[in-house]
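Lettered A, B, C and D in written order, each chain numbered from 1.
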């Protein structure tokens, strides 16, 4: 047997064996590069990054964490930059990686949460954001050359950041027709009025662009032609970043998920994207890969939590009554359970990714849906067991577990709550019913023939 | 049927019917008084109390929340003061309420979390504290008249607060023999050196007393005579409150659960409690009632979460696709599940309380243990469903659900993690085995006689 | 403390303490009498009863088990007869026991499954039967003196048995308007045509009476006046008992749950019960107490399963690798879990029973519903753990566990599947919403006043 | 895209996509052949096979089901014979299929339960048997030419059957040193005395061979050299097949899992296999592939159960209150849950199979263990939901669900109960601890360097 790929140390050899032959040489090299970068640069920098972010409620929103800026430079040098942009979708800027390949990258990168918007740009932005690729999609796919020059290039270079502004306060937003923000033309200008929240990145000092979705034609007969998307400079008069919304108590500074008011904000006509009424077209379909990359990240988080738990329960200084923690109660069974959940979650996400690569997101909705409602819950269970193994310390700032849990918890809501995905997967299964009824009828007919031939009267059975 | 007691609006009539005849007239009156006070004074003050606590990381630890001080005065006037002190245990200061009766009070008071140390004094102090009654027990039961005069009276009056200092950093503290803090005599003084954490209340500006547990005689042959308890003024030289430990991201200011260093802290000999080597005697047995009151509080929290969920799923402004939230998916089943869990949790705690009242904590260890490992998990599940029903908002500061969840999560650890209680209850069941083997032998003998009489040979069955 | 009641050996002292003061002296005496009878007569006879039932597929349906007939005589002598008939509902024949009191009797009697129809008459008839009291209700409450003389007296004496014939083959019977069996008058006769199944008792050689529900007036505008109930002798021409339906592989002979065809069965007009179109009135409301008695029986079953497990895991002859079974893995935690589930299930059923006693079944629908969807699942989990502790033997005929499990499994369906009860309880909770919205509005108003008074502007929180 | 392989109709296209490139052309053809054979021959014959097995408790053990004999002939003709024998292990007789490939075959063949010993020989023998390949391993790998001629050839031809006799009554058999059956030499004969049970196949009229494991050298210092294996003709004097052990009420005739007594059974010396004291060597390692094939079969069962449920909930004749069953309560969510569980179970088994193919069973113990403790429970949950959707009928003989469930339940015990596999997987994870401690130390060192470089003192974090 040959030397195993370095990624195997973080995954099971079983799951790697299942996909290895589907990886390009480029993907394997990139992955090895990343594993090395992660272990030698990202992992050791995590605590420093935490410390470099002030606790002061004002200053933490004005800070650019130095160690992350250094990591950005290093990542660029190693070619680990903008990996999330698929060449298939963005030929000009993208990297030739499939969704399956990117899954393993995501799984390893979870740890760079703090760094997300920077090191590998928006890949690992905190939860509740719309999706990592929204700005890329909007600008790289639909932007005019002017828009691209002004916003896309600096975004790709990591010089500025953006906020995608969609979710609205007081609105049941899973039904998109409920959107209320108004976008209307006045002469050569577009005027925006609305009240949004959970706008990820809006609190960041480097954010220079809001990509705002609103209703431009509420009376349009087609519910899917009422929306438009507009580019709004972050410093435009009339924008108020009201406050960060906390998530399970965390403010996720400096990025944050902010409440934002647009009060008669005016931008030039040229800031419209793609065209009037094209809002839905722009955002649709964007969620497929994003969803499973969230899932894969969850698996990385869960793996780290299990490793953390393993260290604790084998720590000689935590012995009680002469026994290691793992020798008490059900600890070993819990570890086995966690391992099993991680492996089954991983395989679900990998098959969803492969399905997307083969059939596009539309042909993979069942697999994406399953991953979406299964994986975050499994990961939460794994992290919860790890917290419990640590006692009070497990819930504190001295371990990352509480923050992990809180972050994962959002994934049962972001990009559609569990219930929505359960319904969609269930509905999709129901579509198999006609075929199954037909099959049953065919079998029954053949069965009858067998009974007749055997001279037996078919009764109740 | 007569008019139901006002508490019924917050509980099921079924559980009230089960215990009503066990309530004294005083308990019923007090409970009605409390329900009224809660609804008209505490509930409306909650948000103001939140706002009156600054977000500044320094100032929030120096603040006495005005609205809570006002509530304290009102509570005293209504006779709702120091209710947690049982007359049975503290004849001089206590109130004639049984544990069963106090359960209902706890269930209703959960909401006054912020106010806990004040309105009803330490009853509802945040999780991870040792127990609400520790200071009362230490001082009222074991204190000298001098100690009582100096500390107990102002504590009972709500003028000062205390911190019980037991848990140690880096120590597997569920095995009490691991304690390392040193308490030794030097002439007429006691010298204390140690490193503690999770010291609830140590951050509060009103805290004037640390009650410190440590090892005074590490070489003593009996592991239970090595510890002593000493009273330490909060401003004694050598005490450093290092930092608050956060719990799932919350700092629980101004009380907090702090890391504290005692570096050659000196107090007079007269600050020793009960005697040298009496530390274990002082703290033992203290956890029984505390544990179930935590549980009952959990049930109050879960009930409020379910009510909150009910309001959301019936809110016309949250309709999607023309349907109320409750008309989607499994929402109704989840509500039913939550109601069932609340009721079963409540009955478990009530029977544990009654058992304590009848047989003392020692005779109720099985019931206490069951409540302890069952109830917090059920309550967490209820709150989690409510969070999910709210979407992202459910995890934010605009609803109390995230804070509730985080607070409840500590109860699976505080006063012994779930696993410890599972083991203890399981071990207690195993003690029934000899009796069961005997019963089986007796039955088998009678069985044989029946077979013989019937003339049938007993084979495999 | 006084000597505990003998029932305490089978329950927790905690649950008995909760209800003891609600028991009449008669109930306490009867319960003590029953405990003694159970331990000395029923328990030892169980295996013999099994052996006395032939395995031959024909003969087992023609057998009256001798040891059960002997137990019937003994039970009558001790006054333990027809205990299920409540004096409140059947003044002439009944026993003065409340539902709460009967719960404890049920819990202890579960073991007499085989004997059920006999020893204490229909109380513990196997699952999927309509309900223990159906024939009593139909005859004692609605029967004419002639009907009572002919059928009720011998039923009460245990000389004959009956079958309640309601569920229909191929019909979604949870919607009662779907019933298809035809009951029509022809001159002085009633003619019955229909295809029923799951008719409990129809296979028993002692069954002399079918109580048949059918449609007598399908065109009636009121869906609740279309049905009638008719008394049909078991040997009437036209009745075919087609086969027993097995339940998880068990045929439950000699009683069984049979498929029955009524082909032009004719009975005299006098066999109509109460009147034409009175079918619904007769059967409605009958399920409340029946449902919780099933639940209480489940708890008895689960308790015995846990005792069985305790014996196994402490059996020295089952040691492996030098350790008792209970010293391996999570066995102790599983035992604790089972004990907790049994106690919480018990308290739920007891409060439902008390609620019925206080408010009638109609006023206790929430409590009944909760018990119904919670308790059987908990009991199944307990029995499943016990099976697992025994290994292969646990699934075999050498232990009662497999049969227990299979029997309990039906209770998640009988008298309405879990889902129906979840919906009903959930709907009932939703009715609290208007009150909760009102309360929230009141609180908000008081809150606003507090903010105004404090001179603070109320913002987002 | 090309035409999908016919197996896709029974699996998800996602899981097939993951492995398709690992399938040989022979495997793909065989699989297509099997799918066709299954759909057109096996599925329609199932009910007839049931009917052709008498219900009489004696005759059902003497019957060779005609339709199964016909299917055997057809299967041989189509080359679907002895597929379970891997060419890798049995070059002379085997088929060139990997474990991964065989997984899909198993998944499809679950339905031929009744036929198992025949159509594809021992592949799908009912649960609790030792393993499908035991006889093949014993004879093909270790048998002398004489032994092979006499027993192996007719076994391979399906003319006779065998029983592997290992589990002992009253013995905690998971600890193999507990085995008590005595195997000793007397002159030219071997004498066997022992009491076994759960001997699968011992009840079958076609069984001509018992392969008996026992202790030949109890005093041997090595616990692994005390055992020997002997071939015993089924009609040898001294063998008594006492009774079949039922499994959740099912007797699994005509094969059965029987209790067998060996009372001074004598066979010639030539019937010893491999050599004295070689018993452990013979049986060790045999369980790996067997375990996952059981798991894969579970997935086939679960898939069929879900299909059955889908048919029911979309059946117009089961509407209640004007709605399809799937429109009520949580049915759609349950379907989605079942689909997710099936897919995750499938991926776990497939990766275990691939791991065996790559690293042998020994190198795949973690993956096998995970599959073993996860998959049967998931499958049971799926079948349980399907039963529940059917109401009482779901538990009856008119649907296969109750039998499926009962059969699956054994898999949580057979080949090691869940708890054993949880422990083994957990222990295996614990072995990663030293590496994790080392990694943590390395990271901490690099972290310190970063802090130093940044001029920041590293405190608590």
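Heads up, the rule we're going with is that a residue touches a chain if its C-beta (ideal position, glycine included) is under 8 Å from a C-beta of that chain, and two chains touch if they have at least 3 such contacts.
Chain identities (UniProt): A, B, C, D = Acyl-CoA dehydrogenase.
A quick note: this is a predicted structure, and the numbers were derived from the prediction, not measured.
Engineer: Touching both subunit A and subunit B: give me those chains, sorted by label.
Structural biologist: C, D
Engineer: Give the fewest steps needed to get from subunit B to subunit D, where each step moves from one chain to a chain it touches.
Structural biologist: Tracing touching chains, the least step count from subunit B to subunit D comes to 1.
Engineer: Identify the chain pair with more contacting C-beta pairs: A-C or A-D.
Structural biologist: Pair with the higher count of C-beta contacts: A-D.
Engineer: So, what's the distance in Å between the C-alpha centres of subunit D and subunit C?
Structural biologist: 38
Engineer: So the centre of each chain is just the mean of its C-alpha atoms; given that, what is the distance between subunit A and subunit D in Å?
Structural biologist: 39
Engineer: What whole-number Å value describes the gap between the mean CA coordinates of subunit A and subunit C?
Structural biologist: Whole-Å distance between the two chain centres: 50.
Engineer: Residue numbers in subunit D touching 2 or more other chains?
Structural biologist: 329-333, 397-398, 419, 422-423, 460
Engineer: Which of line, ring, star, complete and other names the graph you get from chains that touch?
Structural biologist: complete
Engineer: If you look only at subunit A, which of its residues touch subunit C in the complex?
Structural biologist: Going through subunit A, the ones touching subunit C are 242-243, 259, 329-330, 332-333, 460.
Engineer: What part of subunit B is in contact with subunit A in the complex they form?
Structural biologist: It is residues 55-57, 128, 167, 170, 172, 174-175, 178, 198, 245-250, 257, 317-321, 325, 328-331, 387-388, 391-392, 394-398, 402-403, 405-406, 409-410, 412-414, 417-419, 422-423 of subunit B that touch subunit A.
Engineer: For a test of understanding, state which residues of subunit C touch subunit B in their complex under the given definition.
Structural biologist: Touching subunit B from subunit C are residues 1, 12-15, 17-19, 21-22, 39-40, 43-48, 50-52, 66-67, 306-307, 310-311, 313-314, 326, 331-337, 339-340, 343-345, 347-348, 350-352, 354-355, 358-359, 364, 366-367, 369-370, 373-374, 397-398, 419, 421-427, 429-430, 432-433, 436-437, 440, 443, 446-447, 449-451, 454, 456, 458, 460-461.
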